[in-house]
Amino acid sequence: MSVNVQNLSVAYRSRLGDVTAVDDVSFSLADGEIMGLAGESGSGKSTLGNALVFLDPRMKATGGKVTVDGRDLPIADNGAMRHKRMTEVSLVPQYAMSALTPTRKIGRLINDLLKSHHIKNRDEVLTELKRRLALIGLKEEVLGKYSFELSGGMRQRVTIIMSTLLNPSLLIADEVTSALDVSTQRAVGEMLLEFRDRGYVKSAIAITHDLSILAQIADSIAIMYAGRLAERAPTSVIVDNPLHPYTQALLNSLPEVGVRHDQALLTGIPGRPPSLANPPAGCRFRERCPFAFDKCTQTPPFEEIRPGHLVACWKVSQEQTAVTAGAGQEQA
Amino acid sequence: MRRYLTRKLITYVLAFFVGVTLDWALPHFMPGDPIQGMLSKYNVGSNASYAALYQQFSSEFGLNVPLWQQYLNFWHGVLTGNLGVSIYENPASVTSVVFQAMPYTLALLVPAVLLSYTLGNRLGAAAARRRFLDNWVLPVGYIFQAIPYAGLALLVPFLFGSLWHLFPTSLGYSENLIPTFDWTFISSLLDHWFLPFLTVFIVSLGGWAIGMRNLVIYELENDSSRYLRALGASERVVRGYAYRNASLPQLSGLALQLGVVIGGNIVTEIAFQYPGLGSLIYKAISNEDYFLLQGIFIFIVIGVLLANFIIDLVFISVDPRTRLSMQGAAA
Amino acid sequence: MSESISEAAAPEVAAVGLPSVRGVGAAPRKRNDFLYYGLRNKKLVFGLGLELILVLVALIGPMLAKYQPLQTTLPLQHPGSQHWLGTDLTGYDMYSQLTNGLRESYLIGALGAAFAAVVGMALGFIAGWRGGWVDELVQMITNVIVMIPSLVLLVVIGSYLSSRSILFEGAFIGLTTWPWVARAVRAQTFSLRGREYVELARLSGKRPVSIILKEIAPNMASYLFLAVILLFGSSMLIAASYDFLGLGPSGTVSIGWILNQAENGSALLYHLWWWFVPPVAVLTAMVAALLIANVGLDEVFNPKLREQ
């Protein structure tokens, strides 16, 4: 396992107390795996992704443990994290369009970053940088340009190249396609695949609220709802045979491929996600779930229903026990 | 490039035009008659000699031709540097009187502005998000920024002069010296220069420090700083970038603040009787020397325009957006 | 993709203390938050508290004075029980002068800020909303006004006027400082104009004036508020300079005028510190309190700036 996240909780400090935006989340990634992380806006996807790379002062990790390549990732220790950023874990932020400083040329910016990391063979890295630019069809000239001279798609690609330049083990790609038009979305998605295939990144988490793009690039998909993981399974399983009622609703409400959707995602299901400042006990999807029953007032465990398929739903785990019990009876 | 420069150029020309026109029009359209005011001082006896004198002054100052011609004559005078004769330093020309005073003003203004700007920026940037330094820079900065020029121009000489006898508190050099290029004179110049300089410097320092502190905090919280941190850039690099970005609005602020600083400089000069343009203005008012006043106004307008032009050039060299949009328009 | 020059230069006002261009949006549901953080922001509480005290002094102080500001009593009295802040060379009671001067400073601050805010906001909104040549023209005027040295202009005008009123001084200050507001408002309007809800309002055929008043202005309310506070402070400072040079309102007692008297009366030479130190300290406190409250408010409106 190249990445292992156990019981991670992350909170924002706010005046009404902590807002736990990521609550007891566990998952792991194999070498070479791209995991899609999907869910409505505000479900905590970015918080989860950011926490793995850079906890800003308003956030704090309230529990959990992260390892990358078998080594501890001290996410709460900003100082210890500094040199692990970009080299072990890296981030293409959701705000990529405004992430590049306006007063320095891209090349200079990258060079300063390398210096800041005390990279010795900087020339080699810069040669590699040019190779990678060429690979995705960007001219070397972009290094001599300022961010505002680049189109949105170019900025997005430049940030991906920058963030992956030192071959991190884990890349968080937060909404890298959301701000782009459809054809550029596809190209950027393919770029991620290519970078993974070439080993520029060992594994990646692709965050999006757009399931259709994940179907194209992700090996597995995790569905997040109100700060918790609802379901996690290989992409084909999620797409063809989702078990969690929320995943099902999400897929049912999915319009044609490529159409963007955000808040209007769950028009099929009335209601909105609960507030994270003061979430209800039990299953957080309860109020909107057509299958909710009395047991759902307790928090459902995130269980492996089948190998590689984890679900947090009482209905699913009950059916599962019924099936296995039934199977057991038959055998008896 | 052309578009940007054209726009700037039009602004400069327009400002100059407005300045000169105001300068000419105000005396003409304000209530009161400058010549009458002047003559009232001479205690002219008979009505006939009064009328004769009035006539003479009118023609001497070019007031006996139609308005539009006076206006054109004024422009001609401005463009040829012939702004008439100073009444109180008669027969010296306005231009020569102004040129005598100008070095003193520049000697105060230029170092005070440049030093307060650079030092203030450094201090403010260093204080941003650093509690200990901020606890010092912020309150002191507020007080400096909030202190009126007129107030500091009394407090500084009171402390450094009347109480502690460290520096002279009036004039540009010792009264008993004759301007020569020797050490005695130069040290006297410096001695007299220090307190008015300190006054102008201190007031500006606070403003720049606080402005920079706030801007750097904004920059440190924005997306590009977050990204740099997320990629493991050292705090030094993050701050360096924040400083660079924050310098742009500070620089435009410098252009905006010029008027205020010049005003403060005038107040300071008058309080210290420092022989620059400010004191000259004061003398011009008390002697009702309207031609001199008009001349000083023109020169200050020209000075502001020049300073703006220089700041523009620096801005272009620092801000890639402006620079590139200039090149973009040319391509 | 290059942004226009005007946009690049937009946050300039920040340098004089105004916040730079950024997303501002004070949704009503955040009101409680503002109150909460406002009451907990040391800068805001200190600044407002100090200002409040000074306003009270300006309101009540003159009523407690035993003498009229321009009533001659014994000259050169040290501060004491008879004359709380002493008397000057002529025998004017400094307590009476100072508290009256305080009043006038606030009056001038309010007038200057009001004039500047009205003109600056009107022109800023128009320029930012209409864009194009209107914007170009307004910017040009703004830049020209900035380059005319206002103090010298006042000297020229003032030397021809036999008497000047407080209203004249306030108007003059406002009419020479509005460019600061105009620039800020223009930049904000520019960036808000592109927002979805404004776009929506425009498409639905609302009149520009109503969009500006109902959609744009409320969204920059916090920003405008900060700008007006700063103008208030700078108007008081500018007035002090004018009054010091004898260009202030005729026949009134202001802090700048007191300083002028102190300077002319050789207060420095005779170490009559009570003549000028209290007025300077009070005016500095008045303006500093505003500045401090301003930064505090900025932190309240803008969560990212709060102390961490």
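In this document, chain identifiers A, B and C correspond to the written order of the chains, with residue numbering beginning at 1 in each.
The criterion applied here is as follows: a residue touches a chain if its C-beta (ideal position, glycine included) is under 8 Å from a C-beta of that chain, and two chains touch if they have at least 3 such contacts.
The shown structure was predicted, so the numbers you read here are calculated from the model rather than taken from an experiment.
Student: Starting from the Cα centroid of chain B, hunt down the chain whose centroid lies farthest away.
Tutor: A
Student: B-C versus A-B: which has more C-beta pairs touching?
Tutor: B-C
Student: Would you kindly tell me how far, in whole Å, the mean C-alpha position of chain C lies from that of chain A?
Tutor: Going by mean C-alpha positions, chain A sits 49 Å from chain C.
Student: With centres defined as the mean C-alpha position, give me the chain A-chain B separation in Å.
Tutor: So the centroids are 56 Å from each other.
Student: Could you tell me the distance, in whole angstrom, between the mean C-alpha positions of chain B and chain C?
Tutor: Computed value for the inter-centroid distance: 21 Å.
Student: Of all the residues in chain B, which ones touch at least 2 other chains?
Tutor: In chain B, the residues touching two or more other chains are 248, 319, 321, 324.
Student: Would you pick out the residues of chain A that each touch at least 2 other chains?
Tutor: If we look for residues of chain A contacting two or more partner chains, we find 148-149.
Student: In chain C, what residues contact two or more other chains?
Tutor: 2-3, 308
Student: So in the complex, which bits of chain C are touching chain A?
Tutor: My answer: residues 1-3, 33, 36-37, 308.
Student: Would you pull the chain C residues touching chain B in the complex into a rising list?
Tutor: Within the complex, chain C contacts chain B at residues 2-5, 8-9, 11-17, 19-20, 22, 136, 140, 143-144, 146-153, 155-157, 159-162, 176, 179-180, 233-234, 237-238, 240-241, 243-245, 255-256, 259-260, 262-263, 267-269, 271, 273, 276-277, 279-280, 283-288, 290-292, 295, 298, 304-305, 308.
Student: Taking the touch rule as given, give the residues of chain A at its contact with chain C in the complex, in rising order.
Tutor: Per the touch definition, chain A meets chain C at residues 15, 57-58, 148-151.
Student: Going by the contact rule set out above, which residues of chain A touch chain B in the complex?
Tutor: Residues 50, 53-54, 56, 81-87, 90-91, 93, 95-96, 98-105, 112-113, 115-117, 146, 148-149, 159, 162-163 of chain A touch chain B in their complex.
Student: Help me check something: in the complex, which residues belonging to chain B touch chain C?
Tutor: 4, 7, 10-12, 14-15, 18-19, 22-23, 26-27, 30-32, 129, 138, 142-143, 145-152, 154-155, 157-158, 161-163, 169, 207-208, 210-211, 214-215, 217-218, 221, 248-257, 259-260, 262-264, 266-267, 270-271, 281-282, 285, 288, 290, 293-294, 296-297, 300-301, 304-305, 308, 315, 319, 321-322, 324-326, 328
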